Structure formats: C-alpha cells, structure tokens
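Each structure below appears as structure tokens.
Next come two complexes, and both contain chain A; in the first it sits with chain B, in the second with chain C.
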Partner chain A sequence: MDKASHLSLILDISPSQWHLSASPSNAFPLSFKTFLSHVLTFLNSHIAAMHENSLAVFGALPGKSVMLYSSTDTAEGADVVAADPNAYRPFKLVDSLVMRNIQRELELLGDPEEEAPIALVGALTKALCYINRITHIPTGAATEDPAVLIDPRILILSVSPDLSSSYIPVMNSIFSAQKYKITIDVCKVFGADTVFLQQAAHLTGGSYIYLERRDALLQYLIMSFLPPPAMRQVIAVPKQDKVDFRAACFCHKDIVDIAFVCSVCLSIFCSPVPVCSTCRTKFPIKTLQRLNASRPSLPPSANGTPRPGARQNTPLATSLR
Partner chain B sequence: MPTVTEQTDQAQDHTSHALLPFLQSQSQTALTRLYQRPSSCLSIFRLLGAVERQIVMNLLWLESSIPTSTMASWVTRDGKTFFDDAIATLTRLHIMPNPIAKLGLSPAFKTGMRHAVTGGGTSVSFGVPAELDEKRPAPTVEALDAHALERWETILHYMVSSGTGQAPARPSQGVLYLLDRSGLMKPNHGSQLQITSSGFQFLLHTPHAQLWELLLQYLQMVEERQMDLVEVLSFLFMLSTMELGRDYSTESLSVTQKAMLEDLRDYGLIWQRKASSRRFSPTRLATTLTSSLPPLPTATGASAGTGQAQGFIILETNYRLYAYTDNPLQTAVLNLFVTVKSRFPNLVVGSITRDSVRKALANGITADQIISYLTTYAHPQMRKNKPLLPVTVQDQIRLWELERNRVKSQDGYLYTEFASHADYEYVLNYAKQLDVVLWENATKRCFFGTVGGHANIRGFIERRTGGQAGTGR
Partner chain C sequence: MDPGSDSDLSLDEGNLTVRGRNKAARAKGIDPTKDKGKGKAKDQGYAWEANYTRSWDTVQEDEGGSLQGAVEELMARGRRRRLLAPAAAIRRTIIRHLILLLDLSASMMDRDMRPTRFDLTLEYAREFVTEWFDQNPLGQVGVVAMRGGIGERIGEMSGNPQDVLKALSERHKLEPTGEPSLQNAIDMARSSMSHLPTHSSREILIIFGSLTTVDPGNIFDTLQSCIKDKIRISLVALAAEMKICRELCDKTGGQFGVAMNEGHFKDLLFELIPPPAQRAVARTTGGGTTNPAADLMMMGFPMRLPDTSPPSLCVCHAEMRTAGFLCPRCMAKICDVPTDCDVCGLMIVSSPHLARSYHHLFPVKPYIAVMTLDNAPKPTSICHACSLPFKVQPAASVTDGMSPLGRYRCPTCSNDFCTDCDVFVHDVVHCCPGCEK
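Entry: the complex of A and B
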C-alpha cells in the first residue's frame, strides 16, 4: 500500500470559462487565481506525502496543450528560483514553475476575437505519453522490479463543456489508460457535467466529482483525489452514482440517446446509413428500409442535456440487422 | 535492551517506522515544541503510514474538529482496523488530541504543517543556504556520495572484520562509543571491540534500517550528554528536508546543533570542508532519511552515483552463489554465511553449505535474515524468477535452523523410587492436574516435573507419606 505514486494533473485553462466562473452572479464565484492557489497547495500535499511521489502538470489551453511542470526534469528552472529558508525547496519549485509557465502561456495567447476549443485531448494524450515514459525506463531489466513500478493516475480539473468532436480521441485515450492501469480522476470545477469525462473516470476506476461548494475546492481535492488508487481500498473515495453512458455519433458528432451501430466495427450513427463510414461495410437496402421505418419518433436529444431516466439502461440501444 | 525490542517491533510491523515508537515515548511538551518547526512536521508526516497521512491531510485545512463518525464514514469496511490504528498512532504522537468524540489536529502541528505545505512563516526551519562563494564552490553530488559511502563503509567494515585478525581503518572515537553502547559490538579482553550477535544481524539489514538504528541509539544517548532532544531531532529533520548538493550556513544553528555537526560528520550524514568551516552540505544519507525507498548511497549499491543496479547476487538451486561485486564489505558480509570458493576481480563464487549456515546461526543470525538479505540484493536477472529465491535453498536454510532447535532444555525435578505403583499413580495424577508433568515412564515408576510444580508436589508427597518417599533431582 505504501509505495510511491505518480500524479499527472491536467488544468483546463479556458479564459472565457474562467471569466464566467469568477463572475459574482454564481453562487460561489471562483477566480482563476484562487483556483490556482488551492491547486498548488494540493500539489504540495501530494509531494509532501512521500519523498518519491512524482508529479507532472499539463495545461489545456485554447487550441494547444503544454507541459507546465514535471518532477523529472526540473533543471531548467532550478536556477530561477531563489532559495528560501522558510520553504521546502521542492514545494517552492513546483509553485514558481507552474505559475511562471501559466503566465507565459497566457501572455502568448494574446487576445483573439474568438476562443479556439480547449485542447483537452492533447493534454490527456501528453499525460499518457509521459506516464508511459516514466513507467518504462529504458534501463532494461530493472523495470521488472515491482518496487520501481509506480501507481499512476491522471487528475483532470475541467471547466469547459464537452467538445463532441473529440469523442473518438477521448475514448481512445480511455482505452490506453485502461491498458496501462492508469486511473483517471475528474473534478468538474465549473459548468455542466461532461459526459465523456464521466465515462473516462468510470471506465478507468477513477472518481468523477461535480464541485458543488466551489469555495471548498481544496478540501474536495484533498479528501477525494489525494489518496492514490492503491489506498482507495481503505479510504472510500466518492464515485459517481449515475454515469451518462451516451456516445457521440460518428457522422455528426452529436451526443445521442439511441443510435445505430455497425454490426461489423461497432461504429455509431445517429441515422441508418447504407455504407459504414469506418469499415466500408455495405448494408442491404431492405434492412435500411426496415430500420428507417422503426426509427423512434422522438427527435434526437439536444446536445448535452442529460436525461436521467433514459441513460441508465440504454447505453447503445439498437443495432443493425 | 532497547535495540532488541525495536528489532522485534520492526519484524512484526513493516509499515511502522522505527522512529515512531521513540517519538511516542516522548512527553507532550517536547513534541509540541518539535511541531513548532515546519520541517519537523513535514518529516514526521512522511514517517507516518499512508492512512495516517491521509487523515492528517483531511483535517489540515479544517478550522474546527469534526465528529469521528463523519471521518469514519470515509473508510471502507475492510479498512476499519487500519483507520482505528491510525487514529491511535496519531493520538500517541500528540498530533491529534482527544480522539474519542471529535477529530482535529493539535494547534501546534496544524500551524507547523500548514506553514510547511504553503511555505509561509519565519521559522527558518529548512536550512539557511550559504552565500555563494566563487573560490569554494559547493561539492558535487558525486563527491558527497563518495564521502557518505566511505564513512558508512568504514563503520560497517570495521564491524564485520572485527575479530578476524584484519585491521581495517578505525572509525572515529564517537562512532566506536556508539557501537559499544548500542550493543552491536562489545569489548572483549582488553579494549578490542568484538562484534556481537545483534551486530551480525545489523549487518544484514538495509542501509536505511541500519542508519535509523544507529541514529535511534544516538538519540538515546542525547540526554546523558546534556543535549536538548528537541534540538537534536529537529536538526535531523531539517537535514532530511535539505537539498542534496547545496551548501548550508551553520550560522542559524543552535549550540547543540553545532555540536552535532561533528558526530554527523563521522557517520557520513554531512560533509564539511574542515571542522571549523561555517558551511556544511548534507549527503544522500541525510536527505533520504524520511523516504522509504532510499536511492541507495551506501555500501550496497556497488557505487551509487553510476546508476548501477543494486542487486548483485545470483543464487542457484544447487546452492551455488555468484556475487558480482568487488566491494570488500559486501564480500565480508557474504562471508558470514557463504563458503567462498573463488574470487575474481568482479565476482565472488561460493556456495551455501550446512557448515557455513550453521556458523552464521551460531553468530546469532537467523535464517529469515539470511533469506531476506539474499532477496534484497538479488541480481536483476533473478527478479524474473518466481519465487525469487530457489525454494529448495530457502527451505534448506530454514531446516538447518530448525536442526539447531531439535533439543529443548527445561529445568525441573525427577521423581523416582516410589514405594508402590499405586503411590506413583496417585502422585502422578496430582501432578497432571497441576499440568506440570513434562515426561513420565510407568515401568520405571518415575516422572519429570517442572520447577514451578516442585513445591506443590513435594508438599503433596510429604503430606501423604510423612516425608518418607524419596525425591531426587
């Protein structure tokens, strides 16, 4: 139980969403600055727990993702940070480097007319690649030593809504995470529930938490996301009781309640198609006619509105043939 | 014998750190003073178990205490015992007062830990870095490692070769005194120190455990030497949070702590250019004090800096052992329980034999310690095997140990020359009721009873026969 763990943190840095989040019309306004101070304290707590704990921080910015900090290569900024007899140096290093890099990225961002979509998938894949790199140290035999293997997880602090075009890459990331036994935790700090991240947490055994009291962010983070996966057998971390399993169709990238699935490659379509766009399988005209006739009369649900009643038992409802 | 009890504690509970029982035995005022320094809070926090750390973190940012039942609802049913143990440990360390109804951190620890995590306060507890000096730059990490390794191996090598007629370099007087006090070595005829059986066991421990064993002994001596325990502990904790390869100034240290510099220099925990130097650098031994998987700086990892794997032993099912090492200390330690056949520049070939193991057992080393040593230092190639060590060899080592325990001695009295068989039966029944019979033989009309039962049996026989029946030893 007591072994080192690795945390990759993904920060959703969307200027427009954070602007909305800080507006005083919210029940608990949370500015990006306060958010960062809570997050940095959380990161320090993670490093404090064990000398060997490692950490990487990624930022998902509009249209680009960057690595903000990693505990394996700190040499780059080590000279910039002045020594302080009142602070533990690794903490100081994390805090200053993360702050500096975020500031740099936000300045680079400039002031565009329209905000590009958040590159969450980019950050997620970078985090996966990073974990893959540190768990497979190319020294040969030593990797098989169980003591060296770390307990990796990814924590996503999300504020932006789902980007339905990113359904396939998110799902692929989830499958990679499953394969490498990486737990994905999600904390929805602001905005509506995101379907994809709920699924990510559910499928990798992580926990998805919708932040209700946003002024207590730090306490939420510490109690739910600080225990590494191995310790969650002892400390019960809240899991979501209902998961929105709906998928996005491959043709229009809409989130659908009921869909048509290719019997060969399991691609999802919101309406019957004569030829599967993924595997080029041709479907008989007869089947198409029958399916078109049996289509449910209710229109496909609007993008992102959850329907608690329907979602529990009907992940992918109909199939062809 | 404090060392002996600590070893058994460690054997029973691997998760708990050796220092915690010592801290628990300290008074509340001493601990409260200790918690005023953020670096001490952080280091003690790291020594705690995983569940304890999580509880502390959960409570750290709460202003008021919360009911125990609320916290307990965060624990799974299987984890209940862990949770209760954790609460008990935290209370004994006075990190948490009064746990019966409400949970909360003690104010001193809470403030200290908050400062540690956020980097606030003005306690200067993480060490004041020395001014940059162009003429005398800080030593490199390699130099520090070499220094630590040399000091530590000197101590271990001195222990292992005592009594073998060789005369290795002697560690300083302070180290010798500590070895004597800890019972790891005892002076035999004259002033020559001789390794004891607990010393042999010590040699087979991991460097991390060895280091803490010596430091605990050092802490036990602190009071005799009129040093302030809190100062000593907080200095050790401060060292453990310092950065490797950096110079620190001695100016902010107290008198006690300055006095400690000399001792710690002897153990290889810190490096100083010369004794009067106003700056010091912690070595890897010091900076890994509170980490549980130490990046080995010492004897074991052939040489720490080069990144060589720490395992070097290959053990085959035919009891042959190949050790890829050129380190005289490792060879000497292996020599404790292996018959060395041949030595090459980088390889020692030997085999585990009945005689070699029995020699080790006679020195007080246990079979489990031999097996755990072989496991710890197994060559990476061996790690592919499951189980890691050949089962036959493991079993045989254990059997050799059992062999020594075939005969068990017990003091007692032999009762013979009963006048009649009825007499014999009567007394024997009485003795059996008392459950003191160890052996009986009806044909010879005698039985053997424990020492504890003798007074009763003797009284019983005397009452019955008026003191005529013969009793003998």
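Entry: the complex of A and C
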C-alpha cells in the first residue's frame, strides 16, 4: 500500500455515442457534462489518496488521440490557471486543464458529415508509451530504489462499440501491458459489451465492469477503480462476470466464434479458404472439402452483436460480496 | 607389391589422399572425427577451467567513466538489426505443451557451474521460458520439481509466461534437498498432460544434475507409458551421461545432451525452443510453398464463465464446477483451454493464444532517424507518443544510425517519436501510436 500508483485514464469522447447516452429514452440517461463532473471528482480522489500518485489523462476522439493532462508536464499550463484561494491547487489544475483541453479538441473537431472511428488504439498505445517513459529509469540518474517505483494501471471509460478492424493492434497493446505488468481496467459506460476490452481486462488482471446504473457512475469508479492493483488482493473489487474470447477474422474483420485457422501463421478466416492470404500457404484440397462439409449451418454472428443470452446482470451490491 | 610399403598404397587414389590427410592430422594429435562435433564446446573449455565472466563485464566504460556510449552503441545496434530484418517474418507454429522437470536434489548445490548449478538452472530456465513463449505463442508450460524422492508440482500448465516465470522466481520455495526420483516426477508430468488435445505435442524437458534416481517401481514401465502417450522426453544432464537418461530420450524421440560448461548448457536448452515443424521444413528446403505440415484448422473461441456462476457438470471430468468455458458449437462446459471439445470434437482455443504471434506477421515499419529539421515546415516540440519534449540543441557526435536530435519519424504517419518510444514501439508494443496499426 505504501507504493505510489500511476493512473492513466482514457476517455472515449465520441460525440455521437454521448448524444445517444444522454437521450432521455434511456433508463438512466447520462450526459457528457455529468460524466465529466463524476470523472473529475474521481481524479481528485486519486490525487488526494497519496501525495506521490501520478496521473495522465488521454482522450480518444474520432480519428485522433490526444493527451489531455499529465502530472509531469503541467508547467506549460500552470500559469494559465488562475490561483483560487478556495480550491486545493492540484485539484484546480487537473479540473481546469482537462476541461480546457477537451473544449479545445471538441472545437477542433468541427461538424463533420460522418464521424471517424474512435482512436482508442492511439490513446492506448500513447498511455503505454507514457507509462514506459515514467517508469524508465533515466540513464545517468541515481539508481532508483525499486520500492519507490510506481504501480501503473490504465482505466478505459468506453462508450463506443468494438472496432473490429483494430483487433491486432488492440491485442498487441494488451500483450505489452501484460509484459510490463500494467493493469488495464475497463468501465463500459454506455453501449454493448466490447469483446476486446473484456479480454484486455481479463489478460492484465484488471476488472471489466458494465455500468448498470449510469447515474451512479462515481460510486462505481470509487468502489472499483480507485484502489490500486496491490490493494485489490485485500479488498474484493467486482470483476467482470463473463469473458468473451471471440476474435476478428482477417478477411472481413467480422467478429467470429468458430473460425478457420492457418496452421503456419495462425491467421483467422471466417470461411474455408484455399490459400492463406497472409503467408500464401496452399491448403490441401481434402481439408477444404472436409471443412466445407462440417461447417456450422448457422452464419457467423454479425459484427459486434452480443452472443445470444450473453449478459447476466449482477447487481453491484452482490458482486461486491 | 612390396610388402614393406605403407598399406595405404594398396588402396585407390581417392582413398589414399584421405588416409594421408588423416595421418597428418593424427600426427598433430587431433582426431578429426571427434574434432568436428565438440570443437565449439572445447574452445570454451570446461566450466572449472574457465574464468567467471558475466555480460556486464563486457560493457566498457569510456574515458569519462560513463556507460552512456556503450548503451547508445547497443541501441544503435538494435536499430540497425531492425532495419535489416526481412519485412515479413513468418514462423511455423504448432501447438506445443511442455513440462519443465527441474532436478532440485542436493546435487544441484554443486559449484562446478557458477554460482551454483541450482542458481544457473533457474536463471537459464527463466530465459528459456521467455524465449519459448515468444516462439510458441500457442504453447503451454508447466513446472515440476524432483526433490526429496517425489515429484512436486511447482507451476500448473499455463499459457501465460508471467505465471511460469513467477513459479521459477520464488527461489526460497525451490531450495534443493534430498534425492531425485525420475519415475515419480515423470509420472506426475504425464498425468498433468493427459487432458491435452490430440493434435498438440506433449513434451517433457528434464534438467538433471544427479547421477542417481530413487524410484518406487520399474522406470521402464513409465518409459513404456510415455511412448504410448506420445510424450517426447528431452534431457539436459549437468553431471554425466546415464544409460537410463539416454534411453528415455532415444525411445521417445527426444534429445539428450550433457552440458560441458555454462555456455554449452544454455545452447543445449535453447536448441529445444524452435517448434519441431520449423526443423522439418528446414530439412526439405526447395519444396516451394506446398508444405505438408500446412493445414487449415477449424477452431472455436469459447466464452469464459465467471467464478461466481452457479455450479454445473463439466464434460471433461464430470464434476460440479463453477468456472469454465463454453464450447461455441455445442455449449458444453469445459474446464480448460486449449482442448478438444469432448462432445462435438471442435478444437477450442482462446483467441489471445493465437493473437500473441501476430506481431510477427504485421511488424511496424522501422522509423527513420531525423538528421535535420531544416526542411520540415512546422516540427512538433514533443514526442507524439509519450509527450516528452525533444532536445533543441542537436548532439555533437552520434553513432551511425542514431538521430542527433533524438527524433525518429514514422514513414507512414510522419509523426516524430523519441528514442525510448522508438525502441518501445518496435520491440514491445508492435503498433505505431500515430498510424494505429
């Protein structure tokens, strides 16, 4: 517990998804503004929990990812923020810089006809590079005591559906996080479950939580995502209930549950193919005939749709045990 | 024919020259037949004859006593190697399962390999596991120890290198004691591989430092059942060759070797890393793209049930369990993946197992070292990935292939990255933060 922890927060800022989320036809509408006020409170509690805690905030916008705030690079923005005798300065700094930068990015976005896909991969890889930068002991500096090295984690607040074309980069990011012992937590604020982020949380030992009551976002954030990974062995934080291990095929980028795999390079195809498009291996005719005969009669489920009977609702109270 | 002449003269001319050369070699005291195989190991000398050297001894300080130059040289070498590497590196992979059987008997405390056989084995085993998982992404490794006359399960079969490395890093739990028992340990390893699917390989790798084994029964029965289960046993001996050890390897199609010194020990271990398919292909080079091992496999990606789900019967053990995986085709409940579904026969793997190797298929293009900012209209002041500010003043002297400004530009998205991010993106993340692929 004495270790400081680093939190990299990734905000999914998709204007169209947030518009849907705020629509009053939902059971629990949540607007982007309310969402941000919850998130800022959460960030303040992370900073308040320990003086050495560090923080970085990334935004995944349509077709672009940006760093919104980082506790190591505040110098350039610090003078812009007016001193306020009624506010704790670090809180004030985070709040105003994050808000200002989001405002700026949204204005830059303009009003395009069609929304580009969310640059979640960019934000995720930037978060990884940033963690690599701050955990990397600079050459020439005094040998750092391993006890003071931070305990890094990434929290993704997602509202967009899976982007199946980014299957391979997302998986690569997950494996590098796994290698560097970076925990990835995912909170699905709005929309259907995302298969890839479920796997991300599962593989890195983080928790994936689907937000049932969107109006209680802050409650979820504080209860589940505020304790650093080292603490979670002591207090039982809610974990995801199910993990969907489906993959995306290389040919159509569809998410499939039964697929055909090249034994040489392990490329995934949704139907039997005579030649592997990745490594150009030719497959035996006999195999093709056998596989075509034994193919499942059901067509592969469509892009990003949940599996039949997928979600089993676990109320927060029971999953907290 | 003159009976007094050299017997060589009675042979034909071709043979004569060969014999003649042989004689010359023998005159110098070298046996050419033996020289071939062991030359490399002999050069390094036996472990007890060699000096104690470690990698950090080879790093040289510069005049100022700083290591900066040496570190930069290492990084530059890594960059150059990346630029030279083929654009599309494809590896032959099959699904492997390996049990690492470590001798943890008292004989492992011998100091003929430095610091001790035990410490060196743990160190090499960790390196072995890391490298093994990189080359066999679909593989799984378990760890069994032999000490005190029994086999002891140290790490369960796992596809996650971290789990295996964790099991191998808890040194205090692995303290060597007592006598080893090959039979008990092999039986334990065999039982933990019984559930595995038929298409996968089953292998046992034994690192053995003793010259004795304490077995409760006939070890040849164990050998027979290993042959029956198609388990391949390979053994690296640290002490000397034992008849039973060689027989275990020969009968099951594995490899046997006796380590002469630290370097040879590591070579013997690392020879076992490349998947067997790779070796089979290498032997028949020139066969074109038609590779007999290549095939299209039908696989299912399961759904994992949570630990809190209501208990139900699994199809593999017929026991009440809470956690498990659901076969996507028949919805049968299975305890572990990868496996073949017991009901419909579909091969079930979790997709991360496959995805671990994809960075070999789609590598990130090497970044170009930026030499000058003169022809760039508006250079960014911070690294695109980690937001680290770039140096303003170019460094006076740089190693070949390094940027004096510490900037490396992606040829696809034209964003600039710092030195650390260049290395991190290419060696670890395998995904450019600018292009998102």
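Just so it is clear, the second predicted complex is superposed on the first by the 301 of 321 C-alpha atoms of A that agree within 3 Å, B and C clash if a C-alpha of one lies under 4 Å from a C-alpha of the other, contacts with A are read in each partner's own complex, and residues count from 1 in each chain.
In the analysis below, contacts are C-beta pairs under 8 Å (C-beta built on N, C-alpha and C of every residue); 3 or more make two chains touch, one makes a residue touch a chain.
Note that the structure is a prediction, hence the values are computed from the model and not measured.
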Following the overlay on chain A, give me a clash-or-fit verdict for chain B and chain C.
-> fit
Just chain B (first), just chain C (second), both, or neither: which does A:N86 touch?
-> first
Per the overlay, which chain contacts more chain A residues, chain B or chain C?
-> C
Of the partners chain B and chain C, which touch A:Y210 in the superposed model: first, second, both, neither?
-> neither
Least CA distance chain B-chain C after superposition, rounded to whole Å?
-> 12
Chain A residues contacted in one complex by chain B, in the other by chain C | 139-140
Which positions of chain C touch chain A when the two form their complex?
-> 66-68, 71, 90-94, 137-138, 160, 162, 289-291, 293-306, 308-309, 325, 328-329, 337, 346, 350-352, 354-362, 383-388, 418, 420-421, 424-425, 428-434, 436-437
Would you pull the chain B residues touching chain A in the complex into a rising list?
-> 15, 38-39, 42, 45-46, 49-51, 53-54, 57-58, 60-62, 73-76, 78-79, 82-83, 115-129, 241, 243, 246, 252, 288, 290-293, 307, 309, 380-381, 383-384
Contacting residues of chain A [partner chain B, same complex] = 1-4, 41, 44-45, 48-52, 83-89, 91-92, 95, 139-142, 144-145, 147, 218-219, 222-223, 226-227, 231, 233-236
In their complex, what parts of chain A are in touch with chain C?
-> 65, 67, 70, 73, 119, 121-122, 125-126, 128-130, 132-133, 136, 139-140, 166-169, 171-176, 178-181, 199, 202-203, 239-247, 256-269, 272-273, 276, 278-284, 287-288, 291, 294, 296, 307, 310, 312, 314, 319
